[in-house]
Every structure is written in structure tokens, then in C-alpha cells.
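Below, chain A partners chain B and then partners chain C, in two separate complexes.
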Partner chain A sequence: MVLLDPTTLIDIALIGLSGALICLAVHFIPVGGAPAAMAQATGIGTGTVELAAGSGLVGLITSSYMYAYEPTATMGLVMASGALGAAVMLASTMLAGGFIYAYGVGVPFASAQVKKDPITGQRQDNYVSKGTQGQGIPTICFVSGVVGSALGGAGGGLIYYVLMQYYSPLISTSAAAVAGVFTMGVFYVNSVIPSYGVGGTIEGVHDPKFRRVVPKDVFTSIVVSMLCGIVAILIAGGMT
Partner chain B sequence: MSEIKDIAPNHLVLFGIIGGLIGIYLSPTIPVAGSLGAICAVIWGADAVRRVAKYGLGTGVPSIGQIALGMGIIAAMFGLAIMKTQPLAGPVVAVITASVIGFIIGWFAQNVIKMKIPVMIRCMTEIAAAGSIIIIGYSASVAGNYDFMNNIVPLVFDNGVILFIFWVGAVAMLHPFNACLGPDERQKRMLYLAGSTGASTMAIVGLAALMTLGASGAITMLLGIVLWLIFYKKFWDEVYNDAASVVGTGLIPKTEA
Partner chain C sequence: MVLDLTMSMAILALLGALATIAGCLEDLESDVGSQSNPNSQVQLAPQMGFLHRIYNKAISGEPISNGMSAVTGGTVTAVLLNAKFYAVTAIAIGALVAALLYGIYATTSYAGRVASQSRFKQPLYMDIMRYTTPSIIAHNFIVNFCLVSIAYIQYAVLGYPFSIPFLALIWGISVGAIGSSVGDVHYGGEREFQNREFGCGLNTALSGRIVRKAESGLRNSIDNVWFCAKFGGPATGIGLGLTVFFSSWPTTIWGYTWKAMGAGVIILVVMIIMNRLLEISVKNAYGPYKEDKEEKEAGAVAH
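For the complex of A and B:
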């Protein structure tokens, strides 16, 4: 049985690990959802899935670029380029969003979950408008978001790398398309699962929700991603 | 107002699975059938989304449409690739695989993440299966067959059409309930909108088929446009039926009152 081969088992475990990275990434990103779009909650004003997938897919593009132009690239390099692409994508999203919150909506950036920003040490609660859950993207959320998207991009790059090892010897020219689409499927599954766990909004690593939901979400993602990994490796059997 | 009876979920499940699979199996002879099968699955999937999203997911309706197609695409690739020697079994294996993945994710969502939505497991299974039929149906319409290595990979994956099918297929499934939800939501109106989103997807799939299959793609595109107009008119009529009254407000007055 090909599935019980030690290398295959390690690869399935790696796909499970990348699922865990993507799942963890979603918890780091300051997702505000619809309330944040009206500047009534801290974070970026769109859904978990959109942010995680948006930054992750850019990470997938940069990591596949690395793989395509440097076929001897190590796993670390592919993951790093994925992390870089995703982090740049989310940082520019947050920067543009920050400009709109600051100069368009005109709100001070403040987190409602902590009294002092853990990085800058500035008071937060004075600046939270009455009846809202904070506004804008404070420093801690920005840093947390960049770290999170880097994790997500690295996870996406890892799945892509593992799958390419299987598919490119079998279908040389189409391997990138098949591996990329499969990675996208795994990415969507793993970004929606944690979004159910956090229930729509999370501020980032400093949010009390973070500690509460991370273990069960990561556990779910590992199990589901390993299942996807088994499926991915069986697909290679149908290509010969 | 009299209570209007909804179409039972089981009937829509049968409609989606049987209609979808018939369409997929007819696609090698008439490629347009694949898209028609996918529309059956879109209508079924939209109803499953409606049943689960009524409880309030906390993340918006789009997330469930995207996870559906995420699970669907994994299962579709698996089913079609693994059954290389018996291509006839491919779509059925894909639907079964999708159901298994959907069931597992639904079970975890219910018991580990603790979402407390009673229909979660069943609806997750259904939307995953619907997602896989949507992917295979539209892909078969573009490729002219559902054979993974000979038709779908060169004609759908290599040129990137699969990305379009993934995204727009997801929107076709999640948009109807996302647009209709609210206190006065009714199943009939939503199902007509699902038909119209499925058919508009079919029209653009036809455009892709024009590129890959040539003239037969035009049939898919034209039939898609005709179906879209029919379903949209039906939806339009339902909106007028359900509205208390429809009034024209005229232009904004020039001077402030």
C-alpha cells in the first residue's frame, strides 16, 4: 500500500501541518467583518475567508513563482516566498484601509479588547467611541495581521511544494495547474473552518478569543487537511 | 397571508443528484447537458445553503459557498482521477467522496467547534456533494467530456477556466440566499434566483466552451442566456408578487423641502 510508505506519511503530515498554519493564520488576522466596515469594531472591514484567502492566494502565486523559476528551491525557500507575498498583500490592504479609516471616516485607531497596546503601550480605552467595539487598525492588530498572513502564505506554499513533488514527474506541464487548484481547495476549507470557530470577528493575537478557540480549530484543521492530503496523494495514482 | 408550503429538502436532493448526474453522463454526446446538470446542482445547493444559513453562521453566507466549492473541487479531482480505468464511475465516486468530506467537516463543526446548528452535518454533506457536481458539470461542458487526464486537465485546468468555474460556481450557489435573506424570504423566489445565477454562469461557461470546443460552445452560451432571461423574469415576477406594493418614487426633487 503506497499510503503506508514513510515518505508518504511524512508528506501527509506536512499537508496537515500546512492546514494548521493556514488555520492559525486566520486567528492572527484582525477581521472586523461588517461592523468594522462601518468603523464600529476594530479590524479590517471584510470577512475572515476573504482576507485569509486573499492574502493566501497571493502567497500561493509568489511561492509558485519561486518554484517555477528555481526548480531546485528548497522547501524553506518556497515557504518563505509564499509568506513574503501574503504578508505584503495583507500589509498593503491594512495600510490602504488605515488611510480610509483615518482620513475618510475620521476615527482614532483603538482596540476595545486591551487597555494598553502591548507594542506601543498607548492607552486604548479612552479612544474607543461609545457604543462601539473599537475602530481602525491599531499597531498590535497590524503586526498580528502581518504575522498571520505570513503564516498563511507559508502554509499555502508548503502544500504546493509537497503536491508538486508528486505531480510534476507524472504530468510535467499541467502539474502546476492541478497542484495550484488543489491547494486553493484546501485553502478555502481551512480558512472557513476557523472562521466558524471565531464566529466572524477577531482582533488578533491579543484578543481573549484567540486562546479560547485556537486549540479546537487547529485540531479540526489538522484532521481535515490530512484527509485532503491522503486524497491528494491518491490522485497522483490516477495520473500514471 | 396563507402559509406557502416549501418544496421538501429530499425532493431537491434527488433533483440535484439525479439531474446533475444525468447531465454529466450526457455531456460527452451533448456538452450543453453538463451545464444543465450543474444548474440542477446549483438549485439544490442554494436550498441547502438556505437551510443552514437561516441559523446564522456568524461569518456571512459567502463563507459556506466557498467551503462548498473547496470541498467539491477536491472531491471532484479525486473521483475523476482515481477512476481512470472505469471513467463511468468517476462522477459517482466524486459525489460520494464529497459527501464523506462534507460529513466529516460538518461533524467537526458541530461537535468540536460546537456551532450548535442542528442541520449542520446534513447540510454540509449536501453542499459538498452539490459543489462537486457543479465543478464536474460546468467543466464537462467546457471540455466536452468528464475524462480527467484527457479532457479536463488540458482543456479546463491548463487554461485557467477552472478558476472561473470555482469562483462563479461558488457565487451561483451562495448568492441566491445571500440576496434574498431576511424576514420575508421565500423558497420559491430564492430557487428562481438560483436558476438565474446558474444559467448566467452557464452563459459564460459557454463562452469558454466556444474557445475549447468551437461551435458547440455557442449552443451552451445561447441556451444559457435564454435560460437566464427566463429564470430572471420568473424571479422578477415573484418579487412583484411578494411585495406589498411597487411604486415609482420619481426623481429626487430639485429643491429641498
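For the complex of A and C:
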């Protein structure tokens, strides 16, 4: 009963925690979906899964390189590396997207969920165009997105670290491939779960939807990610 | 492989340049083929009685279709490299095979989507298919070439632990996510609705009422890519270029240490400040849409 070994149980719990981090990350990211692509809603103009997975996977690349070239790297450093890669990806995307909203579409940035930006204190409601749910990426959304993507990248780094610790002694050369593909799978699973909760769009941490759906979504993600963790441990049974 | 600092920076600059080209061309490919979120308007237009001559493919979400294309290119490249082909030849052949496969998907999805709209009398224009599909394949070829080159450099020169196809898959998904978030806004938010005043915002009541007349004649997807190449495409390129460059730059300079992580945080803070400055300048330039009620009342009393 390899699953009852305390080390294995800790590994499964850590994968559950990673899933929770990724799920939480999706709620922080200002996802505007299709309406934002037409500047009809605040946030980034694409879907939750695309953004969370796109940024998290860049974090996976940076954390895997960190793990490969710094054998003494601590779990914290691998997670920080993943967080950095993911946050840089999302910040670059939001900044470039902001240029389009500002100069390509010609709309001021405004949140439709709050009257004043909690960070800058600037009025938002009178900048919202008629018939829309806000547009562009105001400061609170940008900061929320950076924090969220960093959480997602850290979660991805943690799964990769845990799986590499587990697989490396069994299949040294192919461990990175299996751990990488598995991490990608867990990313997608945990990006899809919050999509149901947020219903396609969320502005970030200041959105009333955030408080309403986070507890349920995070709990679901922990349970599902731990199941993924059990599968990850079980497939190691055939590795020699 | 351990490289000295100058060589590492040179490689990083090359990766950044390749990513910039890939990002730009990916967005233009999604404009010429009409994919991702703005395509919902192209799809909706015939249902609102607006028949058009715009290509309508939307194979899937951009990250997935580009990921598929890049991983196909990466796999063919890996096989050819194993057969002792030169790297550039292997990458070029891999990218071409993936682009041709992508072209097949584009053709079938265009025909399939228009066929499903037959009740709205939307015709399937064969000349549009003949002119536009090669353009889609050509754009996609360049995207694949750049992404597989990045994957090859990361695998063979920098020694990343993942294989070429897997790295290409990740970069394909990322370029799709960035293209969908950045350049598509220029296509969906501006180009499709140029018949309204610039900067007025897009009322949801306008959904499906896309512009169908071009600068000369009827508008098609080649006209759209001409317009988006001026801003949407390059901005997407900058997005991916910054991602590739700044995700590795701190560790290239300071190694795998907490100091590098600190430098990364500074980069993020600078980006947040840049976005804030952009927000201030845009709000000052365009002003609010509605006058504040209190200001209005104060103004009325003063008069």
C-alpha cells in the first residue's frame, strides 16, 4: 500500500495544494472573455483556460529550467521561478493589450464592478461606455492579474517539484517529460473548474463574484487535484 | 550547456526576436482567417442579415489550434533531426508540414461553418477560399518556424529538460493566448466596427453588425490583415517578445538565485507603473463618457 506511506500522502496533499493555488489564480486574473475582445467588458479579451494555462505553462518552462540547473534549489526557489515566468507572461500580455485598448480602440480603462479603483482611488463609473460592462485593464485588474498569475505559476512549479522528486529515482532521463505533461494536465483541470464558477468573466479580486465563488471552487480543486495526485503516484508503479 | 554571459545574452536576444515575429504573425494569421473571439461577430453577422465575404475558420480557440500546429511542427522536426537532417532544414520541413495540416483544418472549418449557416443564405465564396487559404498557410508556416526554432534552441543549445515537441506545444499555447488577448482586440474592437465613431465604445446592441464595405469594393479578410498589421500584430509580437525575454533575463544575469527573483519583481512593478501611466494618459486624453451628477448640479447652481 504505497499510497499510505506518509511521504506519499504529503506529496498528494502538496499536489492538492498546487491545484488550489492554480484555481485561486484563475479568480485573480481579469478575464473578460469574448466581450472584452470587442472592448465590451473589463479585462483581458480571452477565456479563463487560455490565460491561466498560457501563463502557467511559461512558469512551468522557467521552473523546470531552474530545477534542472540548480540541483540545490529549494522548493521555494522552484516555485518562485514558476511564479516569475507566469507573472511576466501575463503582465506583458496585459500591457500590450492595454496599448490596443488605449490607441487601437480608443477607450479609457474602466471597471464596471467598483465605483472607485481600490488602489488608485480614481472614479470608474463615469468612464464606462454606454451598453458595455467596462473596458480595458485598470490598475486594480492589472495588479490582481499579476498576483494571480504568480500564484498559478507557483502552483505549477510545486507540482513539477513534487513529481520530479518522485519520478527522478525511478526514470531519471524521462522524469522531466512525464512530470511536465502531468503538470500541464493538472493545469488544465484546475483552469476549467473555476470557469464554471466565474461564468466566463471576472474582473479580479475586487469583483463581488470573487468572494462568492472562491471557497466552493478552491474546495473542488483540492479534491480533484488530490485525485490527480493519487493517479500520478499510481502510474509510478509501472516505472522501472 | 553552460554558456558565458555574452553568448547567453545573444541567445536570449535571438529568442526574443523570434518570439516577436511569431507573436506578430500569429495574430495576423488569426485576423486573415478570422479566429477566436472576434469571429463570433463574423459568425453572428449572417444571422442578423449581414451577409459578408470574410473568411470564417475558427478551428478552435487560438491557443489550442496554435499549440496543435506547433507540436506537429516540433514532432516532425524531432524525427528529421534524429535522421541526421540539418537543423534549419528539419525545422523548415516540420513547419511546412504543420502549416499544410493547418491549411486543411482551415478549409474544412470554413466550409463547415458556412454550410451550417445555409438557412441564413450566407454563400461560400470559392474565390475567398482560394485567395485566403494560402495566406493562412503562409502566416502559420512562419509562426511554426519561429516557435520550433525557439524550442530547438532551448532544447539543443540551452539544454532545457523538455523535448522539442513539448516546448513547441507550450510556446504554441502561449502565443495563442497572447494573440487572443492582445491583437484580437484590434480586430474585434476596431476593425469589425469601423462604422461608428472612434473611441465611442462598442454597445452590445451593435453585435453582429460588422462592416462589410472596404476602402475599395467589398471587404474581405485580406483587407482585415492589412489593417491589423499596422498595430494589432506588432503589439502581439511585443507581448510575446517581452514574455520570452523577461522570463529568462533575470536568471541569465544573476543565475538561479533569489536575487534574480527580486529583479523579476522589479520588472513586474515597472510594468504595473507603465500600465498606470497609460491609464492616466488615456483618461486625460479621452475624458469620461458621462458627466458626474454632482458636477452637473454644481455647474447648474453656479449658472
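Operating definition for what follows: the second predicted complex is superposed on the first by the 240 of 240 C-alpha atoms of A that agree within 3 Å, B and C clash if a C-alpha of one lies under 4 Å from a C-alpha of the other, contacts with A are read in each partner's own complex, and residues count from 1 in each chain.
Just so we're on the same page, a contact is a pair of C-beta atoms (placed from the backbone, for glycine too) under 8 Å apart; a residue touches a chain by one contact, two chains touch by 3 or more.
Given the structure is predicted, the values throughout are model-derived calculations rather than measurements.
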Contacts of A:Met89 with chain B and chain C, given as first, second, both or neither: second
Touching partner for A:Asp217 - first (chain B), second (chain C), both, neither: first
Chain B versus chain C as contact partner of A:Gly197, first or second or both or neither: first
Which of chain B and chain C A:Ala37 touches, first, second, both or neither: second
First (chain B), second (chain C), both or neither touched by A:Val162: neither
First, second, both or neither for A:Ile233, with chain B first and chain C second: neither
Which superposed partner A:Val189 touches (first chain B, second chain C, both, neither): first
Which superposed partner A:Gly47 touches (first chain B, second chain C, both, neither): both
First (chain B), second (chain C), both or neither touched by A:Val181: both
Chain A residues touched - chain C or chain B, whichever exceeds: C
Chain B and chain C footprints on chain A, overlapping residues: 33-34, 47, 49-50, 53, 177, 181, 184
Chain A residues touching chain C - in the complex, by the definition given at the top: 33-40, 44-47, 49-51, 53-55, 57-58, 60-62, 64-70, 73, 77, 80-81, 84-85, 87-89, 91-109, 120, 122-123, 126-132, 135-139, 142-143, 146, 176-177, 180-181, 184
Residues of chain A that touch chain B when the two form their complex: 33-34, 47-50, 53, 171, 173-174, 177-178, 181-182, 184-189, 192-193, 195-197, 199-200, 213, 216-217, 219-220, 223-224, 227-228, 231-232, 234-235, 237-239
For the chain C and chain A complex, residues of the former touching the latter: 36-38, 40-41, 61-63, 154, 158-163, 166-167, 170, 173-174, 176-178, 180-186, 188-190, 192-193, 198-205, 207, 231-232, 235-236, 238-240, 242-243, 246-248, 250-251, 256-258, 260-261, 264-265, 267-268, 271-272, 274-276, 278-279, 281-283, 286-292
Chain A-touching residues of chain B, taken from the complex the two chains share: 57-60, 62-64, 66-67, 69-71, 73-75, 77-78, 80-84, 97, 101, 104-105, 108-109, 112-115, 148-149, 153-154, 157-158, 160, 162-163, 166
